[in-house]
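Next up: some structures, all given as structure tokens.
Next come two complexes built around chain A: one with chain B, the other with chain C.
Let's look at the complex of A and B:
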């Protein structure tokens, strides 16, 4: 029973690592196919969450089932899990800063765009003053 | 009393994080973790914790666990699949910036919503208006351009859980 659970954890981890590699490849293709800065941010999110967070969790799970490492496996798994946690809460901070900076500096406009409520509201504020 | 509760509420998660990070529970590591956690907790308790009672509420932790599992499996998988389809066929996209109101009270809940929106591929928070409680979200495939309609599609689930966890 215990070995079965261990095998399941091992294969779940392996699948997560392989899936992460595929998602990284797809994200880099998306980076090339999307032609605008804001659209590329979405491809970058796939790279950081699907291609960064999930493989780290997968590595942690795989390492926990390899007994030949001795107590070393807890070090590797602990670092993998904490890195994944910090990646999850700090990756959006960079995206927020990039998007807000690009919009405030008016270097790139989100084109093509169906609606741009932010520009509408900024113009309203400037017109009111 | 309030400050002591806040410091203790920081010491426990910080020590736990340190023990997981180092991966060993020898006496030296435990002592070092606790001492550093006490110093850090004492310095940052005033800035980080406003209502210490919320840390000791198990219902909030339960909702955090449920939200974490639900977000990291189902919501992320759906969002990834949506953007992968657009990468294969970029002609189908419909991008733009929509305005989304939020109704939570604390900063922690607002940050949780913003981080959740940005961490799902397909939506990125561009700017936030704290006075009028509105977020400006770049959405790669717009379904609804009105404020409430966009909120229903993008952030309603996040907001429901964030208000249960942090408000």
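Let's look at the complex of A and C:
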């Protein structure tokens, strides 16, 4: 039973690493093909979460099943999980700050856009002050 | 927007550029410099340090630390690092000269980025100093050291300045004089650690060197290398290395935070004080 659980953890980790590679490829294609700053930012976040967070979790899971490392495997897995956690909370924040800064400074406007409520709100706030 | 890609001109340019890069790389490795040594062998200098820094059998040339880089930096060429630290101190003083007419006011704005960025920054800002302290305190055991730990600490203050507004640190008492005081305290600790053994040697009438770390047969004074601490057992502290790393950590983190704070001061207030155009 224990060996079965271990094998499942191992293969889940391997699948996550491979999935991370595929998502990185998709993100790089998106960076090249998307036409707009905001769309490219979306592709970049796929690269940092899909290509950074998933493989780190996968490596952490795989390492936990390798017994020849001794107690060293807990260090590797702990560092992998901690890094994955910080990547998970900081990467979306970074892209959010980039998008917000670009929008507020009116350097790039989202187009084609049917409706832009954020711009309307910002103009309302600026007009009110 | 999408141009037609893959014309013959582009491809030939790419091939030409990569050929030039490869040719220059081969020429650089083979003729212009000495060739890259095989990784299994060491050159004599690195072999000298690798076999002497943590050699318990030959204690007259050791530094009592398994970390070769820190041993070289603070023991074998320790005086050089002391001078480097003073050069860095003078650079911070030079940065302060630019804002010498500026006297800080009462309140600064704590208006930073959006709520999302502020919340995540508040989580990250408290965890960065932990990493910094770990890097600095393990400087004599694992790669890292005082300067590296201080630089990591300065990242935390830079994050706080950018995401939470410069007022976040300034309103909490991170003033110019206080940070400079911590900077000076670090330098004073480094100087006193460097001069402790010569003073002891002078009082005892034996030979001792400035910034000496371990016992030498011709200079019989030492900082020791292990300490028996209750509840922790015997730990290796490698003589002067841990004290110097801690002092450097204090000095560099305060100095770099001060530099970032100076950079982030609002331009209008600097203009008002008359220091800049």
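The rule is short, and it goes like this: the second predicted complex is superposed on the first by the 124 of 129 C-alpha atoms of A that agree within 3 Å, B and C clash if a C-alpha of one lies under 4 Å from a C-alpha of the other, contacts with A are read in each partner's own complex, and residues count from 1 in each chain.
FYI, a residue touches a chain if its C-beta (ideal position, glycine included) is under 8 Å from a C-beta of that chain, and two chains touch if they have at least 3 such contacts.
What you see is a predicted model, and the numbers here were worked out from it, not measured in a lab.
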item	value
Fit-or-clash call for chain B and chain C when the two complexes are aligned on chain A	fit
Partner chain(s) touched by A:116 [first = chain B, second = chain C, both, neither]	first
Contacts of A:89 with chain B and chain C, given as first, second, both or neither	both
Dominant toucher of chain A (residue count), chain B or chain C	B
Chain B versus chain C as contact partner of A:97, first or second or both or neither	second
First (chain B), second (chain C), both or neither touched by A:42	first
Angle, in degrees and to the nearest 10, that opens at chain A between the C-alpha centres of chain B and chain C	90
Chain B and chain C, minimum CA distance [Å, superposed model]	5
Common interface positions of chain A, toward chain B and toward chain C	89, 93, 96, 100
Complex interface listing, chain A residues touching chain C	35, 86, 89-90, 93, 96-97, 100
Residues on chain B engaged by chain A in the complex (per definition of touch)	17, 20-24, 76, 80, 83-84, 86-87, 90, 93-99, 114-115, 118-127, 129, 136, 138, 140, 142, 145
In the complex, chain C residues that touch chain A	1-2, 113-114, 116-117, 120-121, 123-124, 127, 163
Residue ranges of chain A touching chain B (in the complex, touch as defined)	23, 26, 29-30, 33-34, 36, 38-39, 41-43, 45-46, 49-50, 71, 74-79, 81-82, 88-89, 91-93, 95-96, 99-100, 103-104, 110, 112-119, 121
